[in-house]
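Shared chain: chain A. Partners: chain B in the first complex, chain C in the second.
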Partner chain A sequence: MSEKYLKVAGVLAILVLFALPHFANSYIVHIGILIYSFGFLSSAWNIVGGFAGQLSLGHALFFGVGAYTSTLMLTRLGISPWIGMLIGGMISAIIALPIGVIVFRYKLRGVFFAIATLCFAEIFRILVSQMRFTGGSEGLLIPIMDSSWINFQFESKLPYYYIAYIMMLLMLSVCYVVKRTKLYYYLFSVKGDEDAASAIGVNANRYKTMAFVISAFFTSFNGTFFAQYYMFIEPETTCAIPVSIDILMRPIIGGLGTLFGPILGSFIMTPLSEIIRKVVGSGMSGVHLLVYGVFLIIICIWMPGGILPYIARTIKTK
Partner chain B sequence: MPANIIIEAFVGGLLTGGIYGVIALGLTLIFGILRVINFAHGEFLMIGMYISYFSCTYLGINPYLSLLIVIPVVFVLGVLCEVFLIKPVLNAPEDIQILLTFGLVLVFQNLALLFWTSDLRNLSTPLAFKLIKIWGISLRLTTVIAFLASLLLSLAFYLFIKKTDFGKAIRACSEEREGALFSGLKLNSIYYLTFGIGITLSAIPGALILPNYSVSPFIGLSFTLPCFIIIVLGGLGSAPGALLGGIIVGVAESFGGLLLPGSMQKLVTYILFIAVVCLKPSGLFGAKVRD
Partner chain C sequence: MRGVALSVEGMSKRFGGLKAVDSLNITVDERQILGLIGPNGAGKTTTFNLITGYYHPDEGSINLFGKNIIDFKPYEICKRGMTRTFQLARPMYGMTIIENVVVGALNKKGSLKEAFDRSEEVLEFLGLIQFKDVLADNLPIGYHKLLELAKCLATQPKLLLLDEVMSGLNHSEMDLILEKILAIRSKGVSIFLIEHVMEAVTTVSDKIVVLNYGEKISEGTPDQVMNDPNVIEAYLGDLSV
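Let's look at the complex of A and B:
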């Protein structure tokens, strides 16, 4: 019975959000775009961070690869960002593969996995900000072109809204599909107890690497979206540590390893951090990270696992 | 490259390494007893540096005297953190513990940013420019003092662990938690005292290096990272291991600094971390994986 209601509510929510930009002002549309892109990113992160239980602190690397690949291809070769997006995803996957193989081959778990991924992302950031080719620390501007789908540039925010929205829904479907594959069950067993899973013949390293590569592939897509939306990329906003924090915070708060947790997290945290940024002004840029930290501590102490599982538990016990 | 530059880089690295060793000692102590990996270790060093900085600039005291303020303040802060934040997650899965201490990182960094802005602050004491010459190598007096103080501190810590009753209780806890509980040790108080001591071991070097370092809210990670490398290199809870690991990291960073331009020097620590955890995986979790 309640499942039926949930489904109806879900379809209603999808329709309402689809129609929203026709009733809302451009600031709300902007917030909506951010919510969806972070929903996308956190869902992608959730494949390795939640499903596989490997807390990656380096997803800014793949986000940055996506942003830089499509932008460089557009500015240097005049190739449409849509193709750049796909190629960026492939490059991210190619980069993620050896990282995953090395990191899991040497049994890096927990905090060591987290820091190793952070190190890879930071190495990438330093290289990008040193190379002339990528525009150094000043970054790259995307030249203004005609407003069209091929150029991935639009005068109004509306197309961006729908692109972000559809990308998030597609990412959600990807996660839904992944959750129904064998891969998910292997990951689930590895997350529960890696030694036990290996003992019954699950190749833990292979599946963790697969999750890492899939996650990297999709994370990269949003890097391209970010570049096309802001028309400007620089190392600090695309591949620095705060980007990784922004990505992983939402699934952890919403519900680690759940399908809708990352989305819920994005619907809570994105408007919140935008409001904070607006209220305190740009002079104090760290305040939203302070709030993230407080949220993290609260979640860890009172509702480990995130808000969604917490709600599910309280409903069940009633 | 002239030989004396290489030797100076080596000795400089050696001295920084000793300081890293003490910081890492606090981290391994906390892990050994509480089984919690403190991601925010470097942040407490940052706090120690700020307290020292402000007590020097506002009270006009000697940088080394500021330890009299740094030690009690940071110790109490550590105890409070343990009681209110770490204790609730002591038996939680490792992920939750990592995320909690990571939350602490964000809170401390950004509180520091909020209160003290992102300005680099340094004590411009004349002391920082004093050089001493030992066998033809010129060294900063402040670095030598910090190194000697770190050695003394590790020695004191070693004696404290080996000779005092409380040290014995700590060792008992790290070896056999339940056994320690049965023999009537109060685990709770051991936990918060240990956390306080571990944190203080991170903050004291912070105050010691302040005369020739600049402090900013984001300085923590550049100390946390070497500490994790040291843990993997030197093994857990061993004071000589921590010192040795510290010296290896310090020397490697110092040579990296010689070879790379300034903006790329941080690469050394990142690459070193990846190399060390991959080449020597028998560190922290290696034993757990193997058995």
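Let's look at the complex of A and C:
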């Protein structure tokens, strides 16, 4: 019975959010776009961070690769960002593969994996901010073109809203599909106990690497979206540590390893950080990180595992 | 004549200055139940860790169904038909009981659906079916060893390594496991087990190997081994004083 209600609520939510921009002002639409973007990124991160339990602190790397690949291809070669998006995803996957192979081969688990991924992301950020080819630390501007789908540029926020929305729903479907494959069971067992999993025939390194590559591939897509939405990219906003933190905070708060946890986390944290930014102003950048910290402590103490599993537990015990 | 499932020759492992396992020779025949016993710290679990690829031996060779597996990783060894349990049960938390077992069942080719079907059979066989959808976190502690066994059985091993599956169990639980071990063997699986509970190991084993300080001090049928003065001395100390 309750499952039926949930399904109805889900369909209603999808429809309401679809119709929302026609009733809301452009600020709300902007926040919606951010919620979906982060929902997408968090869900992609959740494949390796949640399903496989490998907390990557370096997803800014793939986000940055996505943003820079499509932007460079557009500005230098005049190729549509849609194609750039796909190529960026492939490049991210190609970068993630050797990182995964090496890092897992040398048995970097837990915090060591986190630090290693963080280092790779930092290497990328430093490279990008030093090379003239990528615009250095000043970043790259995307030239204004005709508002069209091919150019991935629009005068109104509406198309961005729907692109972000559909991207999030597609990412959710990807996660849904992954949850129904053997890969998911392998990942979950590795997360539970890697040695025990390998005793019963699970090639832990292979599946962890697969999860890492899949996650990187999709994360990159949103980098392209970000570039096209803001029309400006620089190392600090695309491949610095706070970007990685922004991505992983949402699944941890919403529910690590769950299907809807990352989305829920985004619906809570994204408006919150936007409101804080508005209240505090640009004078004190980084205050939203402080709030993340406080939120994380609260969640860890009262709702270990995240908000969604907490709700599920409370309903079950009632 | 029976074929040989596992043959270990001259296997040694040193941890710093300590010889944990010293040029050990062990043979497990097909469809045999071999017991490995010895006082605490004799090197029994180390032997298992060496055979299953968790440690790498300093010397010696390990052949599984005629194939040298010395450089194989644990998952590859499992794919070749040898699966182990852990002394301390290691359920994969966050997953239900059947999902735990499914991971093992996926060791053999086939769809996820087939893996679930096979897992149900295993759970039925071990009497765990009523816990199918219980989270591993909530499984009563008395069933942890059975879950460990279920995960391993689901991989459809030809040789099963059991590390103290009967420790901490009461009499009726122990009888149940003994009965299951014999049933597993009758399906054609060889079994190599470490056990502290003497009563259990002597009733179920065809042959027993006794380790002390990493060395094999006795080998034979349960009767032979139990009457061997070396074994008595290892367990009880020198009685002639």
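One rule holds in what follows: the second predicted complex is superposed on the first by the 318 of 318 C-alpha atoms of A that agree within 3 Å, B and C clash if a C-alpha of one lies under 4 Å from a C-alpha of the other, contacts with A are read in each partner's own complex, and residues count from 1 in each chain.
Everything below uses one rule, namely that contacts are C-beta pairs under 8 Å (C-beta built on N, C-alpha and C of every residue); 3 or more make two chains touch, one makes a residue touch a chain.
Bear in mind the structure is a predicted one, so any value in this text is a computation, not a measurement.
Undergrad: Who does A:L141 touch here: chain B (first), chain C (second), both, or neither?
TA: After superposing on A, A:L141 lies clear of both chain B and chain C.
Undergrad: Between chain B (first) and chain C (second), which, if any, makes contact with A:I275: first, second, both or neither?
TA: The answer is neither, since A:I275 touches no partner chain.
Undergrad: With both structures fitted on chain A, tell me whether chain B or chain C touches more of chain A's residues.
TA: Of chain B and chain C, B contacts more residues of chain A.
Undergrad: Quick one: classify A:S189 as touching chain B (first), chain C (second), both or neither.
TA: In the superposition, A:S189 touches chain C alone.
Undergrad: Under the stated touch criterion, which partner chain does A:V16 make contact with: chain B (first), chain C (second), both, or neither?
TA: Neither partner.
Undergrad: Which of the two partners, first being chain B and second being chain C, lies in contact with A:N203: first, second, both, or neither?
TA: The second partner, chain C, only.
Undergrad: Give me the intersection of chain A's contacts with chain B and its contacts with chain C, in residue numbers.
TA: 195
Undergrad: Which part of chain B faces chain A closely enough to touch in the complex?
TA: 37, 39, 85, 88-89, 92-100, 102-111, 113-114, 217, 221, 225, 228, 232, 263-264, 266-267, 270-271, 273-274, 277-278, 281, 284-286, 289
Undergrad: Over in the complex, which chain A residues touch chain C? Could you list them?
TA: Touch residues, chain A against chain C: 180-182, 185-186, 188-189, 191-193, 195-204, 257.
Undergrad: Across the complex, what residues on chain A touch chain B?
TA: Result: residues 53, 55, 102-103, 106-112, 114-116, 119-120, 122-123, 126, 129-130, 195, 241, 245, 252, 256, 284-287, 289-290, 292-297, 299-301, 304 of chain A touch chain B.
Undergrad: Across the complex, what residues on chain C touch chain A?
TA: 52, 54, 73-76, 78-79, 83-86, 90-95, 99-100, 102-104, 106-107, 112, 115, 136, 151-152, 154-155
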